[in-house]
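Below, chain A partners chain B and then partners chain C, in two separate complexes.
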Partner chain A sequence: MSGRVAGLAALLVVLVLTCGLSIVLGARDVSWHTLWSAFTAYDDHDTAQRVLREMRIPRTLLGLVVGAALGVAGSLLQGLTRNPLADPGIMGINAGAALAVVSGVMLLGVGSGPASVWLAFLGAAAATAAVYGIASLGRDGATPVKLALAGAALTAGMSAVTTGIVMTHIEALNALRFWQVGSLAGRYLPVFWQVVWFIAGALVVSLVAGRLLNGLALGEDVARGLGMRVGLVRAVLFATVALLCGAATAACGPIVFVGLVVPHVARMLCGPDYRWIVPYSMVIAPVLLLAADVIGRLALGRGELQVGVVLGVLGAPVFVGLVRYRGVAEL
Partner chain B sequence: MRTLLALAALVLVAACGSSEGGADKAAVKEGRWSYVSGNGETVKVDHTPVRIIAHSDEAAALMSYGIKPVGIFGNEKPAENRNLKDHDLDGIAVLGTAWGEVDVEKAAALNPDLIVTDWWPAEKAYGGFENGVKAKSKKLADLAPVIGGSQGKSLVETIAYYEGLAASLGADVAQGADEKEAFEAAVARFRKATAAKPGLTVMAMSPADDMLYVGNPPYSPELMDFGKWGLKVLAPKSPDPSFPYWENLSWEKADSYQPDLVLMDDRAWEQSQKIAAKQPTWKSIRAVAAGAVVPWPAYWIHTYASYAEQLDELAAAIENARADIGS
Partner chain C sequence: MTSYAVLRRRLRARAAGVTAALAALVLALFVVTLSVGSYRVPLDDVVVSVLHLGENPAVDFVVNGLRMPTALAAVFAGLALGLAGTIFQQLLGNPLASPDFVGVSEGAGLAAVAGLTVFHVSGAPISLLAFGGAMTSAALIYLLAWKDGITGYRFILIGIGVSAFFVALTGWVVARSEDWEARSAMTWLTGSVGQAGHGEIRALVVTVLLAIPAAVVLRRQLGVLALGDDAARALGARLELARLVLLGLAILLVAVATAAVGPVMFVALVAGPIAARLLGPAPGLLAAGLAGAVVMLTADLIAQHLLPASLPTGVVTGAVGAPYLVWLLATSNRKS
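Take a look at the complex of A and B:
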């Protein structure tokens, strides 16, 4: 018990350090002096100080909440489906959210404000239902492989439609890359405030849900025997996942791998108890997302690489490693 | 099996032969036709082409000389294309309304004898056949020879290319003399304006949500022309090696370049203004803070008439610009 608390505390320290790096490092070199004055004697005519206060800090905050949302969504989903390959990216949930936002904003003319978060939420919920429904067809139910296949197929289909919609609206052509891979760049405080309450609420529900996930992990019959209302619990938790993924996607576009890899890392560190996996994921995921974002800012020299691309590149070998050495099927 | 295939081939050949013998034949002029394309290769057809499929901007150039294509494809719906707005599109099939997408089946049904679209030397590809275009759409090139002016070192050359191409296709290009005259006058005004402001510097920019794209003059024919006519168009220091049209500048470093006047990509003018306004560093470009932002007609002009119009507007902007804003 105390070991897990210490582990979580250590991870929090790492998270704080990562946030620090995310504020200090970026395309523009910022001196310690500028950093100091940005907080003690803010001068909004100083471009470097504005970059810190109005770009780096909002970007870091956004990475923090979106990372937490994706990591927790992944751990909930893996617990709910008892499927080690369940991931909001792989299962098409983020792609569904992206498609809903793009259709709403470009076809129906819904503003890109809070309405887009609700749209993303609906899209995420619909995609979750569709993928789970398709994977459940057949005698053996929603096996890990079927879930991943259904998710991959629907992701491809929905991304293609998203691309089609964005491409035929020339005024939004530059939004295309964003809706394909996701990015933390160029999105500031208004976007953060738009999603933070949705995510905070869903995170609270998730933290409370650890015990329920442990029950579900024993299998539906056992959970029912323990007096759990399995149907209701699953519905609430799936809705929570959709809300987390919807809000994250509305803010940053579809981001993959965080939700897949992070719960496995958490499980390695704290064992199979979801009362710990959820908070561990909540801390590890933003570390991963922000670190990937910082790498993307520095990797190219002058321009920036989108965090979605960095995660794709880093995530694939990490995932292969996980499968290879830990045997993810032991969930 | 082999005989069956041969039979099928025979039937196909016969079918093609009969359609060529149809109504079109009367319109086809006798004799071989050839013309040098923007990539230096000579394109040959055994008759003067009359059934042309063209990329929308290039189609507008041909139509301004009275050559009407049978089909067009573009990066947007025809109604959203400003080159096409003055032309009658009745009877022209629309084969694509998004970048990289062409309905080749529909195009094949038009039985084209020439495909007209710009040559992009940086990408070594014709418009509609670049990297990223679906293989299915690229099959358009199997229907007929492809030809087009180069988006190279001068837009004047590109425009003149389409004038020449239209003439070779049978158009009377002399009727465009008035437009040409207006264009010459606009160039003269532009030269005069730049001569009066020798220290004035400009930069071409295209704002996007996650980056500020800075135009690289050697890869923009109109920026090259502006330079020839006396305007100091600054070049970005490190253009993207794989897509040298632009330097991809992080918004954090938007103030890296300080021209006196910003030419902003006008292809999605209102959207671009909104996107830029959201960025805390957009106004760290002093010209932007001073309101010195004017439209850059980026990569779309194909006729003397529209070039004249845009040059007049730019000349007016230069006449009113201050040369002491940038550094």
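Take a look at the complex of A and C:
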């Protein structure tokens, strides 16, 4: 117990440090002193201070909430489906958002800006609802296997439609290319305020849901025997996941890997108890996302490397090493 | 006791019936693929031409010369992916553990895209690169996951990591290439049965024809392994050997199929669950392979003839297999 608290505290310190680095490091390094004066004595004509207030800090805030949302959503999904491969990508959330963005361009002529964020959000929510609805049909309800398969199947179908539209409509392709990069760059404060309340609300629900997930992990029959209303719990948690991933994907485009990998890392550090996995994921995921973003900003010298590329190239070997040498804690 | 025997016989009859029906469907779709196109060949002429029962140079050229390679590639790539997918899923005990999710296809993708955009080669060398990429990433996953044996769970997690690594590198290679290179890379990554050359098709057909009997022989082993390691060991299975042979077979099938038609997504994923919903929890490998071939052939027919613009097969495979799987999920009452 106290070991887990200490671990969480250590991770929080790492998170604060990462946020600081994300604010001061970049194409133009800024001193800690400038950061201080940007708040105490803001000078509109000082370029360094303006870079901080208008770009670095909003970008870091966005990375913080989006990272937390993706990490927690991943851990909820893996608990709900009891499948180590479950992630927002496989559950149809990215595909639904992408389809909504592309259809928006084709049918409504809405290409970018706040409207496409709402579209992506609606698409993600609709896709999640559809996955859950299909998995609940049939006598035995939304079992983990049916959830996973329905998610994979709907993802396949929606991606096919998206590709079909994109290959025949050039404006749709351009909108999708821009949106699909999955990046923290260029999406600042307005986007942050669009999504932050959804994410904050869903995070609170997730934090109190640890006990319910522990119940579900024992299996449906045991959970029911313990007096849990399995169907209701599943529906509420799935809606929470939809909110988290929908908002994150709408804000930053599809960022894969974080939602899939962070829960496994959390499980390796704190064991199989979801009351701890959820908060651990909430702290580890933004550290990972912001660190990858900073590295992407610095790696090339000029220009940026997309956060997704950095996550895969550096994050994947670290993850493989963790799995190999720390051992795995099964779901 | 007798009712159990009756049930067992009924299940077996059902399995044989469904498998035969799938085979008939594959055959019918194969003939249709040879028949339709800008020059329409009547079905009976197709049969005559394929079986060499008569001489008609124009029809022979269209059917055997132009359309046969595509149709063969569709059937055998579908069979290969269906077989491989269901072997992966049963061996690793996870319905999502198809080769497209655990990193085998991604290695092929990176090698081929690098060949197209960095080394500027095309045609057969790309297929060789894809084959090499698939085998390399599979070997990498196997070696990294090996720790006093292979467990399904660790194999899946390592597969996730390796797959993410290759996807990221592929994205980077595509992003830094010129426009036209990026386009040819994207087309290859979508996968199409039309892009297979004669050499690759021959390799694919031979591999699948050899793999099917091997898979049928190994079916029992797979069933035992699916019970879990402890049960399998108690039944006296030589675990690691059987697992290595089955994985090797599945990986070989994915590699030759990807070399021929590119990484066509979702066929390997949906074929097994479709067969399982039709037949019961551990379906025959042959049925899963045939389901893969049905998905591939139907997808190719839709991509080539029903859509306004002719598209790569990989665009449509998801749209064909997925709704059917959804319908099966929604209607079947089986406890899974």
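In this text, the second predicted complex is superposed on the first by the 234 of 331 C-alpha atoms of A that agree within 3 Å, B and C clash if a C-alpha of one lies under 4 Å from a C-alpha of the other, contacts with A are read in each partner's own complex, and residues count from 1 in each chain.
The definition used in the following text is that a residue touches a chain if its C-beta (ideal position, glycine included) is under 8 Å from a C-beta of that chain, and two chains touch if they have at least 3 such contacts.
Quick caveat: nothing in here was measured; it's all calculated off a predicted structure.
Q: Given the touch rule stated above, what does A:304 touch, chain B (first), chain C (second), both, or neither?
A: first
Q: Does chain B (first) or chain C (second) touch A:320, or do both, or does neither?
A: A:320: touches chain C, not chain B.
Q: Does chain C touch more residues of chain A than chain B does, or is it the other way round?
A: C
Q: Applying the touch criterion given at the start, work out whether A:26 contacts chain B, chain C, both or neither, answering first, second, both or neither.
A: Touch status of A:26: first partner only.
Q: Could you look at A:211 and tell me whether it touches chain B, chain C, both or neither (first, second, both, neither)?
A: Touch status of A:211: no partner.
Q: Which partner chains sit in contact with A:51 here, chain B, chain C, both or neither? Use first/second/both/neither.
A: Touch partner of A:51: chain B, not chain C.
Q: Check the residue A:139 against both partner chains and state whether it touches chain B (first), chain C (second), both, or neither.
A: second
Q: Given the touch rule stated above, what does A:164 touch, chain B (first), chain C (second), both, or neither?
A: both
Q: Could you tell me which stretches of chain A are touched by chain B in one complex and by chain C in the other?
A: In chain A, positions 164, 167-168, 306 sit in both the chain B and chain C interfaces.
Q: Quick one: which bits of chain A touch chain B in the complex? Just the residue numbers, please.
A: Chain A reaches chain B through residues 26-28, 47, 50-51, 54-56, 164, 167-168, 170-175, 177-178, 183, 185-188, 297, 300-304, 306.
Q: Across the complex, what residues on chain A touch chain C?
A: Interface residues on the chain A side: 83-86, 90, 134-135, 137-140, 143, 145-146, 148-150, 152-157, 159-161, 163-164, 167-168, 256-257, 260-261, 264, 305-306, 308-313, 315-317, 319-320, 323-324, 328, 330.
Q: State the interface residues of chain B toward chain A in the complex, per the touch definition above.
A: Per the stated touch rule, the residues are 75-77, 80, 97-101, 208-211, 238, 240, 247-253, 255, 267-268, 270-271, 275, 278-281, 284.
Q: Please give the residue numbers of chain C that touch chain A in the complex, ascending.
A: 94-97, 101, 144-145, 147, 153-154, 156-158, 160-162, 164-169, 171-172, 175, 190, 265-266, 269-270, 273, 307-309, 311, 315-319, 321-323, 325-326, 329-333, 335-336
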